[in-house]
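One chain, chain A, links the two complexes that follow: it is found with chain B in the first and with chain C in the second.
Moving on to the complex of A and B:
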């Protein structure tokens, strides 16, 4: 287990920002559509259920990491040996790169559709990725700083949710339980997809000064994310009729089209621009985790690995041209992410529990 | 040195990425109108405000004929000196004939276009939309005039709220129908003469001015409004009307019974008779109650006969039924019976006793 020097570590309460910053991303701009398709006006219940699921997973991750007192590459090496363990870690790195591509490309798509149709994807990706390089290069402390900014700065956008309330018909929430409990449970999958990314915790866990103390804050961060999702979902259900909500790809942004302020004609342009602050910590955390993992596996300098990974991401982002392709890659990433979080982590949790119990028995 | 070069390269990347739109060099569309033509095509009229050097504002309009509305924009671009931008559209007018033929194709483009706000006002014109838009209306430009006309009438008067978002909301909800203001060109002004009721995207019925008050009372809670009615031989004008309404529905699936209770508070501003004593006030309240009950029931029956549901009785039924089937509801809706009861409270009678 490598020890991390104290000057590179962050205080435990920053896990609040680290978790929340990555859970809120492009997903919140349009997560309503899939959920409404599945369970209509009961979608808010699946958010609560999905949120509980996420909390359980966070708890499991802490259990795994607490026993190891290292990051996921250590866990893999100890549990599966050097070769198989490294294999798993590499899969994880690829997954984080995919996640970065999805986030970056989805954001550029929003900018394309809503603001500048003529934007050049390659240039825009490159400019953003240069910023990402600059931040990740500063180490986890800089990334954490970005995460704090990413949570605090765009927080004012929550106030814009008051405007749709004028046109909200809360009777749309009735009747409760219009869909069966099984449907609601099934759709919790779609919820977990939109909060993907918090598994970066597996990499930055050893960077906390007192890792065990950060758990409380991680749960709080996740709870606040779920609360924001719940708020947006309930307002969307009330503001749109069901069919309308299913038709809108970015329902949250469409909702902002109703806002009218004396000094700015259309708030969604401001929102999309500020959204870069939400996207940046997402990209930085995912890329930091990927490069950190690569460093641990390949034992090379993190900076050069980061450059390689960023170039891969940039290429990946430029390849995707149409809405269908973007949707395909994000569905694919989401699918992998879902099975990783709700399949692999519980498996790892059980496996490591059994492993340490056996080991404890042997040494006793 | 490396850093400086890096910075310079970044700056080079950051310039000239996208098309610039400088406000002095574009024509901002403020209102558009669409009319049906006999050959199935649509005639579009686009109005832009022209700001003159003496600070007065006049209008310029472009007319084009095409199959779809974006093609109208393209045709008009070919006539416009500066590029036309559609982000500033505030009002859309439909000619009566087009409204009866269906407006979905046009409203869908507006909803789809990211540049266009959801607050866009839409209205149906008695006659042709281009006749209205050709005129120079108001002193702030036709678009701004129409925009403020609808805004204050919806906020403080008897016109129920409607805009692009609410229109699409009702259009897509299977249990509610939409409506739009119905206007007419009278001289150099546009007058709101009633409500155009839609079934799907087609206008099927028109309410006149005197029904508007009751229609709004059915639709939403009043915060301000005025109504004049007859008490015996004299006329009473009430203003500052605030209403609260409550709907209840029984047996929504078999024999729906819709109960509506309206609570109305108002001030009396004008009385054409001799003295405004408590007896008259009491009588005025009673007579207003009767009128609300009668006219509202008439309206509800009228909607039922036309097979439309602008109030959202279907929404009411839906909130009480799991696995709601809109088609079944359409079969039971004609069987619904209505019962309106109201309570009027005259709170003030002006500054003179």
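Moving on to the complex of A and C:
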């Protein structure tokens, strides 16, 4: 276990921003379609249920990490030994790289569809990844700063949710419990996919000044994310008809089209541009975690590992060309993410509880 | 990181060969034409007096030294008779070579084989203390620093007449032998900050220090950053209040500026006048200033972005105006904007290089003739002309000159990014800038504080400035040893109407 010098650490209260920044990403621009397909106007209930699930997982992650007082690579090494543990860690690193590719490529797709159909994907990805390198190069403190910016700066977009209210038809929410409980529970899977990424906590946990104190802020951050998703979902249900929601890939962006200001029209252009502030912390955190993990596993310089990983991500982003490919990779990542969060973490939680109980008994 | 640091003592040996004897030193000094050297035979004992005529005060020599010399027969008597303190016995050739060029007078009796004394008689020609020009304020003190270290220290000391104000001096520069003083209040300033500063000053290895600006650039945390990481000011009142907050100040001899560190982004865009006005007015002016800085950086890039890619953003009525103004223009928006921006920079630079009166003419010629003519010739649109002119005006609101230059500079990458990817390009460039500012430090303390790392207590004096009764604590940023400025009295009991 390596100790981290104090000057590199961040205050526990930043876990609020770190959690919220990565949970809100491209997903929120168009998560309504999948949910509406599954449970129609009861989608808001599955968001609440999914949110509760995420909170339980965050609690479990803190339980695992508190016992170890290190990051996930330490946990893996202690629980599974050097070789198998490293294997698990490497899988995690690959997963974070996949996540980065998905986020980056989905954002570029939004840009392609809404603003620049002819944008050069390779060059654009490269410039974004250079910025990611520059920020990650500054260490977790800089990444955290970016997360704060990513939460604070685009917050003005919340005001744009007032405009659709004029045309909202809240009777759309009725009747409640139109769908079976099983359907609602099943659709919570789709919710958890949108908020994917908070498992980066497994890596930056030891970077908090008092890690245990950060837990309440992490929960608060996650709760605020769920609240924002809930707000957007309820307004979407009220604004669109169910049929429209099912057919709309980016419902949130479509909703923005209604905003009218005296000096600017087509506010969704502004929104997509400033959404980069939301995307960047996602990419930075995921890449920071991946490179940090790689450093812990391979015992090499994090900077050079970061360059290697970024090149891989850039190549991955350039390879994906069509809508189907993007859909495929994002479904694939989502699937892995879902099983990682709701399968692997509870398993790890149980395993580590038993492990430490056994160990405690042995030493006693 | 810092290329100008000392690289070890062995490089020092390549300097000129050591002068062994006092006589040799004396002979080498005599090579300058302004070196005065004459023997006097008329006194009790013949003596030799020598000095650099350009740097010594003739009055001191004629009034205090020469009349007394007539009745003196040995060095001890000389020391007691001449009413000048700090008379030094010459013991090594180094004394001569170091002190004579800085304004000492060297006297020895002809029978003593060059064993004599050095009497300080340097000329003290200084500008008198004048009102600040760069950081002028309508209200408040009208004193600014001058080119003398002693006067500058006096200006600060008279504002902080306390025993714990520490002034420490070091000499920097092999050629310029510049005296550099750093000041702090011992009970308040953080010891770590003081040590950082001391170490950085000690490590400076540069031949001639021209001004405080040299020091501020050499000891900057990140020399590759366009942002000034140490604040410079010409107002002693600002320095005194900064010292009281627990900051450190650097004064350099022959420089009419002081440096304040550790500084923050917020401090660079605030003025001392913000504390002299009522807090509502001060906060309002601060908001105007921040908005104008954002405006001056972003408005031309936004123009380029919208007109190159997103004309849909502009409302219908406004679009008509824009299209009319741009209809006949043959250039793409980026070239149009670069042309005008560079013209403005040209005017600024020409105005700054020329004498004041000619400079004004240039301003008028440039502003009216070139502007109107280029619109009439159909090279630029008049909408852009208005925007660029407003942006230039807005950029002049940056209170610190060095920071203003940075703002001028960073507009150009924004323009290029806006041309490449429109609004997304602007956001990309902004992220770059944000990433840079997040990493920047001043004397090891974060530059963006209190925004990041967020320190709620310090936010009281940022975009808005709260009244003094709310500023009871010194900024956490400086890690002051005494955290409170004053203990706020218990909140006044709110009385009901007519009680």
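Just so it is clear, the second predicted complex is superposed on the first by the 364 of 364 C-alpha atoms of A that agree within 3 Å, B and C clash if a C-alpha of one lies under 4 Å from a C-alpha of the other, contacts with A are read in each partner's own complex, and residues count from 1 in each chain.
By our rule, a contact is a pair of C-beta atoms (placed from the backbone, for glycine too) under 8 Å apart; a residue touches a chain by one contact, two chains touch by 3 or more.
These figures come from a predicted structure and were not determined experimentally.
Novice: Considering only the touch criterion stated at the top, classify A:302 as touching first (chain B), second (chain C), both, or neither.
Specialist: In the superposed model, A:302 contacts neither chain B nor chain C.
Novice: Could you look at A:270 and tell me whether it touches chain B, chain C, both or neither (first, second, both, neither)?
Specialist: second
Novice: Classify the contacts of A:280 with the two partner chains as first (chain B alone), second (chain C alone), both, or neither.
Specialist: The answer is second: A:280 touches chain C but not chain B.
Novice: After lining up the shared chain so the two structures overlap, which partner does A:119 touch, if you call chain B first and chain C second: first, second, both or neither?
Specialist: both
Novice: Under the stated touch criterion, which partner chain does A:254 make contact with: chain B (first), chain C (second), both, or neither?
Specialist: In the superposition, A:254 contacts chain B only.
Novice: Between chain B (first) and chain C (second), which does A:127 come into contact with in this model arrangement: first, second, both, or neither?
Specialist: In the superposition, A:127 touches chain B and chain C alike.
Novice: Using the superposition on chain A described above, determine whether A:11 touches chain B (first), chain C (second), both, or neither.
Specialist: second
Novice: First (chain B), second (chain C), both or neither: which does A:142 touch?
Specialist: A:142: touches chain C, not chain B.
Novice: Return first, second, both or neither, reflecting whether A:171 touches chain B, chain C, both chains, or no partner chain.
Specialist: The first partner, chain B, only.
Novice: Once the two structures are superposed, pull the chain A residues common to the chain B and chain C interfaces.
Specialist: 115-116, 119, 124, 127, 265-266
Novice: Inside the complex, what are the residues of chain A that reach chain C?
Specialist: Those residues of chain A that touch chain C are 10-11, 13, 111, 115-116, 119, 124, 127-128, 131, 134-135, 138, 141-142, 144-146, 148-149, 262-266, 269-270, 272-274, 276-277, 280.
Novice: Which positions of chain A touch chain B when the two form their complex?
Specialist: 113-116, 118-120, 123-124, 126-127, 130, 167, 169, 171-172, 174-175, 177-178, 240-244, 247, 254, 257-258, 260, 265-266, 268
Novice: Going by the contact rule set out above, which residues of chain C touch chain A in the complex?
Specialist: 309-310, 312-316, 318, 421-424, 426-428, 431-432, 434-436, 438-439, 448, 452-454
Novice: Which part of chain B faces chain A closely enough to touch in the complex?
Specialist: Going through chain B, the ones touching chain A are 10, 13-14, 17-19, 87-88, 114, 116-119, 165-166, 168-170, 172-174, 176, 315-316, 318-324.
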